Every structure is written in C-alpha cells, then in structure tokens.
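Each of the next two complexes has chain A plus one other chain: chain B in the first, chain C in the second.
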Partner chain A sequence: MDDVLTLGMDVGSTTSKCLILRSGAEIAAAALIPAGTGTSGPRRALEEALDKAGLKREDVAVVTATGYGRATCPGADHTASELSCHALGAHFLIPEARTVVDIGGQDAKALRLNPEGKLVSFLMNDKCAAGTGRFLEVMARVLEKEVSDLAEMDAQATGVVPISSTCTVFAESEVISQLAKGVSLPELVKGIHMSVAVRTASLVRRLGVTAPVVMTGGVARNAGVVRALEKELDTPIRVPPLAQLAGALGAAIYGWEHVREKR
Partner chain B sequence: MNEEKRDAKSVLRALQDRIAQDAWDAKNRGEKVGWCASNFPQEITTAMGIPVVYPENMGAAVGAKGGGRRMCEHAEGLGYSADLCSYARINFSYADWKECPELEIPFPDFLLCCNNICNCMIKWYENLALELDVPLILIDIPHLDGEACDEDRVKYIRAQFDDCIAQLEAITGKRMDYDRLTEVMAVSQRSSRAWLRAVGAMEHVPSPFSGFDIFNNMAVACVGRGTVEAAEAFELLAEEYEALAKEGKSSFKGEEKYRILFEGIACWANLRATYKGLQSRGINLTATVYGPAFSFLYQNLDELMAAYAQVPNCACFEHELELRVHDALKNKVDGAVFHMNRSCKNWSGKLYELERQFRVKTGVPTVIFDGDQSDPRCFSEAQYETRIQALTEIMEANKKEAR
Partner chain C sequence: MEKPENLLAPFRALCRNPGAQLDKVLAEGKKAVGVLPYFCPEELVYAVGMRPFGLWGAELECASSGRYYPGFICSILHTTLEMGLRGMLDGLSAVMVPTCCDALKSFGPNWKYGVGAIPVIDAAWGQNRKTPAGEEFTRASFRRILGRLAELAGRRASDAALAEAIAVCNENRAALRAFTAAAAAHPEAVSPADRSAVLKAGFFLDRKEHTAMVRALTEALNALPESRWKGLRLVTTGILADSPALLDILGESGFAVMDDQVAQESVLFRRDVPVTEDPALGLARYLGQAEGCSVLYDPGKERGRELVRLARAAKADGVLWVMAKFCDPEEFDLVPVKRMLEDAGIPLLTVEADQQSASYEQARSALEAFAEMLRG
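== the complex of A and B ==
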C-alpha cells in the first residue's frame, strides 16, 4: 500500500492540536496552538501542521477530529471520542501501557487498556472542573505565574501547604488566603498539585491500577503533578515526549484504521 | 357500533389522564384527596376508594415539560437547598405558588409517605405537613439488610398498615371493606405480573420496543396498578410486545446495534438529548430496574408487607447489585450507562461502587454521566455525548473482536 496520510485534530477547551501520520506508523508533522474550540486555534493548528509537512489538505486521506470541539472542527471527515484517541495514542507511544491517565483542560480520564492496547473501560471526572487543567490555570493566575512555571516551583518545595477545598472557586479563595499569610510559594504550588493528584488518583483507583501507568494530555508536562500522582498511586508513571499530542495522534491512527478497513 | 381496538400506549395514556381527572373530580365534590409517595401500598387507598395523586410523578412531568428549572430556582429562593431532590423542590414551589402551567394536581387534605422509595422523603413530607397544615401518615419500612423480609419486620409494617387504615377512616370518613381489599390485591397481582411480562420482553433480540418507553409506561404501574383497567392495559402491552418479538420486529427506531442497561431515573428535563444520544447510535435500552421497582408480588397480607420491604431502593446493596447484574446478563447487554442523578442521595451515594462491581461482575463496558431527574442545570450534553461516543466505540470494537 502506498503511503497514506491521515490527520488527527484534537480540539480541546484550551488548546488545539494537529498531527499528520504516514501510513499509521510515522509522524510527519504536528502543531499545537494555545487556543481551543470556538477560536481560530483549530484552523491555525491545521495550517501549521500542513505547512511543516509541506502538504496541502487534499494530500491527506482522512481528517479525524476528537476532543471537546470535535463536532464543530472545520474540515473533519469524522469524529472519535478523546477516550479512544488517547488510548490509541498512548499505545502507539508506549505499547505496553495498561493504564492511561489523561488530564485535559476541563476533564480528567482514566483508561484501562488490555495487553493488545485495546480500550476496555474508562472513567471520567464528574461535571466539576477541580483536578483538571483549568484548575491549574486558575491557580497559576492567582499566583501571578504561568502554568509552565508551576513544575519548577514545585521542585523547589521543601514542605507542602495543603489545599483542602475540592471546588475550584473555593480552592482559589483558599490559595488567596494562604498567600495573604505569606506562605512559601513553592510549598503552596506543591499543595495545589497534591490536590489535583488526590482527585485524579481516586478516579484511577476506582478503575483499577494496572502497571505500567502512562500519562497523556497537557497536564502531563507538569512534572509536579506527575510526581504527586506517582506518590498517591504508589506507582511510577511514564510520560511520553508527545504526551500532549497523544489525542491528536490517536485521532490520526483512528483515521488510518478507517482507511485500512475500507481497503 | 364496533369499537376500534386501541394500542396499549394510547390506553395507558388515557388511563393516566383519567386517574388524574378522577382526583380532580373527587376534590371538586368535596372528597378528601391525598398526596402519596410512589411506593406507598396503594392497595389501601384503592380499596377504600380514596383518591391520591403523586408529587413524584408531577415532578417528572414538570421536568419533561420544561418547568423544572423555574420551579427548582423558585424553591431555592424560598430557602431550600439546591442539593435537595428536584422532585421535592418542584413540589415545594408548587405548594408555595399554588399553580404550575406544566401540570397541576389537587392540593392535599392529608399526606401518605412510605420511605421504601427514599428515606429522605420523610423530611420532604414532614415539611409539607407543616407548610400545608395537613396530617401526615407515614409507613416506615425498615431497610432490608439480607435477602428476605423476616417476621419481625412483617409485624412492624403490618401494625403501621392497620394504623394507616384507621387514620384514613378518621380523616376521610370512608371505611375499609376487607373483601374489596382482597379484590384490589388480586388485581394488583394481575397488573404486576402483566407489567413484568411486558418489561420482560426486552430479553428478545432485537427487543420489541424502545426501552425508553418504560419511562412513560411506568407512570400507570405506579399510580394505577390496583385497577382492572391498568391490568388490562399492561396485558395488552405485553401482548403487543410479544407479537412484535415473535415476528422479530421492534418499535425501536432504526437497527438495534447495541443493547444497554440504563441505571437510574430518566433525565426528564433532558430526555431528548439522552435518548437521541443513544438512539442515533443504534443503542437500545434493554435492562432497567424499573421492572421490579413497580411490581409487588404476594399471595396474602403478610406477603404484601414483605413485598413492600423488598423493593429495590429499600434493599441492601448486594441485592440491588444482583438485580442489575441478573437483568443485564439475561437481557444480553453490550454495555451500561449509569446516571449520576444529583437529586437522589439514595442512588448517587452508592453509584460509583455499584458501577465498579457491576463492571467487574458482568465484564461489559460502562459509563457514568452527570445529570438530574428534573433539574436541567446538572446535565451537560457535550459531556454526555463524549461518554456515549466512547462507550459506543468500545462496544463496536468488542463486537468486531467477537466476529
């Protein structure tokens, strides 16, 4: 079979990711724009990825959209849920993965894969945004920091200032009152990460923890959250280099499987 | 003149309307009318000829007709917590406003509460008794911590049953005719068996009907199962389903690609979104606890007491789990959808563990979504869609693997 290009679009609530895959095996290009559904983000991500690969839209056999904005993603041929896509993406990046944790902009997911990489069950957070990427964004804003600064601050902590509220709004007030007390910022950041980890860990435990555990999604880039989650689950967590692109990668694989079935 | 044979759906709808109208007519004649909990032993009121109406059914209807948000918000403005059951909040709003454009029920002269459907309901009805200044009769059903209802429990419930009759005689001036009670019990058995027969048709592949129809038809199973008309309507319903099953046909729109257990009360306020999300993917509901929840099988008065203690919401966790697992396996489900009904503390409190054990015991994929029976503010269509799409993808992959 000639090279077939499939394109995955992961349109989240805060970012848009695009990845082009060659015959289900080789990543041709990828792009990430920090603007999600309802913005210019999806279009820009698509244009950037095509540009990087030196391709045009018509060179691509199938565009598969996933993520919160999948239904309104421009130019998509079909959609797939982010659950299936993160499972496919994680399996591609780390074939032995059995449990996948994905914390995105407004939801958290725990996925169980069988030894062949097939998604067999999953759990998601409820409607509350606590323990998601949005929670970390809100906290970073209160601390007058960038989300990308949080991991380094966490690494400097020698203790922890616990955050007990599970509600994002109440936790924000709690962080503000801790700031007013003059607590150490790194220790406060560690407390914020612990809060996310505790909430996510309860989801993963309900599903059942089977090693190896892999983390995908934007929050996986935050080593502080990963460390806190490792501690909570008492198991090492592997983070692939393309963790944040796992959903888009999975969508491209989904498209490739669709093409293969049709042939 | 030959009367055209009517379908069960229209017979049930007409019967529901007639029962509601009977209560209004009685009220207008000056008779005493009660508000009644859905799993109260209706044999008492039916045998005594006392009209009752059901606030829970009103809450569901108001939710389905789009009034849930307005009524819930009004109740919250009165000081009731948003964490309370939305049926209760709708009812408190109605008790305050005295009107509701979606559906009205006659105001009560007395209240009949039975906590086998929900223990929190006692506080709901106590509050109503104070607000409306009407007497409350409670039948307290002890939680069942084992398989069977023992003799002590039967005696405890029977004493309250007898006391309830005495109180109702004093309030309404109507006497209990025990021969009539025996007749009503026999009719209730006929209704319950027919209801179970109709719901049991879901085990056919394809199921002869869309499982969401149960959410509509169960209203009569709740309010009218002691009437001959209800028994006949359910027998007609069962015959229709069985005839369709025999021909391999179904009233479900489209091909039944997947079969699921749907756990929990329907999202009345989001019925279209929840139904379409399933139906558009060829997913039919073929297992629900609503069969056993509104059928009470017994041979005599003592067994009647035991039957009301063995309803799903009053039984121990293990029994509840077993009911679901048994139904799911018998009706050959490919997956399960669990409604985290924020209104219902009885249901939502145990849902995570119910889902976990169900998943382990059946091996079928499951999904939990957030919602509410009548408060639309607890439901997110985008979140529901994501979960149902993912469940469908897993069920599809499982089918491919099995081929």
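== the complex of A and C ==
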C-alpha cells in the first residue's frame, strides 16, 4: 500500500490540535493553536500542520475530528469521541499503557485499556471545571502568572499551602484569601496542584488503577500536577512527549483504520 | 393499518405539554390529584372517580423553589415545587406525596408552606415491605389515603371500585409490557425518545385511553416486517430516563433501549397488582413484590441481580445508568450494582442527568465513546 496520509483534528475547549500521520505509523507534522472550538483555532491548526508537512488538504485521505468541537470542525470527513482517540493515541505513544489519565481544558477522563490497547472502560469528571486545565488558568490569573510558569514555581516549594475547595469559584476565593495572608507563592501553587491531583485521583481510583499509568492532555505538560498525581495514586506516571497531541494522533489513527478497512 | 409513526406522534405531543392535558381534565369538570413518585397507587385515585396526574418534575429553570430547596437537591422535587409555586398545577384537588427517600420527606412541608392551596396527602408505607407486618402497615396506610381521597372527591370509596381500578391499571401494565417487547423487536420504528414518550404519557392520560392507544401502536409494530436493525442494544436503569435531548443522543449514537429498570418505566409495570379479597392488600403486596428501584428497601440488592438477568435476556451490549443528579439512594446503589454487572461481564456507562441540564454535550461524548468501545 502506498503512503496514506490521515489527519486528526482535536478541537478542544481551549486549544486546537492537528496531526498528520503517514500510513498509521509515522508522524508527518503537528500543530497546536491556543484557541479552541468556535474560534479560528481549528482552521489555523489545520493550515499550520499542512504547511509544516508541505502538503495540501487534497493530499490527505481522511480528516477525522475529535474533541468538544468535533461536530463543527471544518472539513472533517468523520468524527470520533475524544475518549477513544486519547486511548488510541496513548497506546501508539506508549503501547504498554493500561490506564490513561487525560486532563484537558475543561474536563478530566480516566481510561482503562486492555493489553491490546483497546478501550474497555472509562470515567469522565462531572460538569465542573475544578481539577481541569481551566481551573489552573483561573488560578494562574489570580496569581498574575502564566500557566506555563506553574510547574517551575511548584518545584521551588519547600512546603504546601493546601487548597480545600473542590469548586473553581470557591477555590479562587480561597487562593485570594491565602494571598491576602502573604503565603509563599510556590507553596500556594503546590497546594493548587495537589487539589487537582486529589480530584483526579478519586476519578482514577473509581475506575481502578492498573500500571503503567500514562497521562495525556494539556495538563500533562505541568510537571507539578504530574508529581502531585503520582503521589496521590502512589504510582509512577509516564508522560509521552506528545501528550497534548494524543487526541489528534488518535483521530489520525482512527482515520487510518477507516482507510485500511475500506481497502 | 395506521403507520407506527402516526400512532407515536400523539404520545410525543402529550409529553411536550402535559399541562394541556391537566387543563382539559379540569375543563371537563373532573377532579385531579397530583401523584409524586414513587409507588403511590394511582388505583386509589381512580377508585374515587378522580384522575391521577403524574408529577415527575419537568425540564424548567427553578426561580421560586430556590427559597425552599438548595441547588443540590433532586430535580424532580425542585421542579415539581417550582411548578406548584408558578401556579402551573392550579386546579389539582391534592398532591399525594410519599416519604420513601430523605428528599421527599421535606417535600410535603415545603409544599404546604409554599403552595398551600393544594392539600398534601402524606403517603407512608413499611420499609419492611415483604413481611406480613409491613404488608399490613402498607395496607392500612392505603386504606387511610383512600378515605382521604374519598373526602376530597365527595363520594364513597367502595372495594368494588378499587378492584375495578386495579383491573384497569393491570390491563395498562400488560399493554405496556407488550409494547416494550414490540419496541425492542423494532428499534428501526421506535426511537429511545419515542419509547419514553409512550410510557410517560400514561401519567397524564386516563389509563383506559392510554391502554387503547398503546395497544393500537403495539399492533402496528407487530405487523411490521422483521427488523434488520444492526445497532447497539441497551438496558437502561435509574430513576428517570426521559430527557428528549439525552434520548436523541442515544438514538444518534446508534443505541436502542431493549429493556429498562427505570423507576418511571418498567419498574412500575413489570408485575401486576395481585388480585386479593381485600384490594388494598393487593396493592400492598404489589409494593412488596416490586424490585429494581433504589428507594425500595432491598438489603440483598436484588436490583443488581435483576439488572443482570434483564441485560442477559435482552442480549444487551451494555447497561446505561441514567444517574439522577443529587440522588443519594441511586448513588448508594451504584457501588454494589456496578460490581454485580462487572462480575457478569456486562459493560456499564453512567451518565448524570437532571431536569435542569441545559446541555448534554458531555453525555454525548461519553455515549459516543461507549458506542465505539462496544463496537470494538
């Protein structure tokens, strides 16, 4: 079979990710735009990925959309749920993965994979931004920091200022109260990360923790959250280099499987 | 013979606007009694010549009921109280309110304080519903309620009238069992939302009228050629599974409901009311024999065993638990029942729902993923 290019678009709530896959095996290009569903993000991510690979849309056999904006993704040939796509992407990146934790912009998911990499069970958080990327964005704004600064600040902490609230709105008030008390910022950031970890760990434990545990989604880039979650779950967590692109990768694999079935 | 889609349309219309049905009943000069879940016998209302009107909440924003309830309470009660406070239920002669869960215990007092003009008939029965003492307690309780209803109706409550009402409702139960079997055999003709509308309409219609409509539909379904439908087979469980938006997502994701263990649906008609010399005793025994509902005292969790049996009998690909938000009895049941399903190798998806959900997009993701997972 000649090289077949499949493209996966993961249109999330806060970012748009695009990845082009060659014959289901080799990543040709990828792009990430920090603008999600309902914005120009999906179109820009698609254009950037095609540009990087030196391709045109018509060179791509199938475009598969996933994520919250999948239904309205321009130019998609078909859609797949982000849960299935993260499972496929995580298995591609770390084939031995059995538990996948995906924390995205506005939700968290725990996935259980069988040894063949098939999704066999999953849980999603409730309709609440606590413990998600949005939660970290809100907290970073209160601290007048960038989300990308949080991991480094967490690493500097020598203690922890616990945040008890599980609600984003209440937690924001709690963080402001702590700031008013003049607590150490790194310790406060560590407390914020721990609150995300506690919430996520309860979701993962409800599903059942089977090692190896792999983390995908944008929040996986935050080493502070990963460390806190490792501590909560009492197990090491592996973060693939393309963690944030796992959904788009899974969508591209989904497209590849579709092409293979048709042939 | 009429086509099934034409016969389904009136059920959907009724469920879109149950208030119109109440207005119609009242305009005809009849008296109506609101019946809250769970297991308040409609037969008692029919026996005194009044019309029961099911109160299972509604999909509406709660503006006034927030004075009486916090946000985190069962949406059936929240929205039913809201309907009462807004005057949407004016004209009811009473509301019958059981006390079989903690949230319901506070409903009667809140209603009395907030709505006032429509009296509350408190309904209580023995939690030990299967023992002779529990049966007697429930029988006596139903007799007391019948007496109160007779006062409101201004007529005598006879055993013959109660036995006749039981016979009418049992006929309706049999018709609904036949319909759910026909719907399972023809998912191409009956969507999950259609199935729900047919069952739910019975709470707003006269049961005799409902039975006739359901029988005509069942006959039309049974006349269809053998189905070639190749979708995914579900058994649902929970308190309510009647949100049209959620049910449309089910259909769009390729699912059909083969059977259910939903408190508003088959739990009420899986078994008939036994015919006994004292008809009130038959109603008490019906409650004793009921299974599959989290508000029933069920120490051995027969609910889980029944759900496994139903899923196997329906050759279900999986079970969908429509988890009523903020419902403690349902949350308590989830843990042991989930384990029973896991042990039986039956995949389970839990989707949280309430009647104030503006969007089911997260549920859509979960249902689509469940469908993809089941298809392998």
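Structure notes:
As a convention for this text, the second predicted complex is superposed on the first by the 263 of 263 C-alpha atoms of A that agree within 3 Å, B and C clash if a C-alpha of one lies under 4 Å from a C-alpha of the other, contacts with A are read in each partner's own complex, and residues count from 1 in each chain.
One rule holds for everything that comes next: a residue touches a chain if its C-beta (ideal position, glycine included) is under 8 Å from a C-beta of that chain, and two chains touch if they have at least 3 such contacts.
Predicted model, so just to flag it, every value in this text is computed and none were measured.
Annotation: superposed three-chain arrangement on chain A; chain B versus chain C shows a clash.
Once the two complexes are laid over each other on the shared chain, residue contacts for A:Y68 go to chain B and to chain C alike.
Legend: residue contacts after superposition of the two complexes on their common chain; A:A80 is shown touching both chain B and chain C. Once the two complexes are laid over each other on the shared chain, residue contacts for A:D10 go to neither chain B nor chain C. In the superposition on chain A, A:E187 makes contact with neither chain B nor chain C.
Ranked by how many residues of chain A each touches, chain B and chain C are led by B. When the two complexes are overlaid on their common chain A, residue A:D154 makes contact with neither chain B nor chain C.
Put simply, chain A uses residues 68, 80-84, 107, 118-122, 124, 126-127 to touch chain B in one complex and chain C in the other. By the touch criterion given at the top, residues 340, 352, 356, 359, 365-368, 370, 378, 380, 382-383, 385-387, 389-390, 393-394, 397, 401 of chain B touch chain A in their complex.
The residues of chain C lying in touch with chain A in their complex are 347, 352, 361-362, 365-366, 368-369, 372-373, 376. In the complex of the two chains, the chain A residues touching chain C come out as 68, 80-84, 107, 118-122, 124, 126-127. Of all residues in chain A, those touching chain B in their complex are 68, 71, 79-84, 107, 118-124, 126-127, 206.
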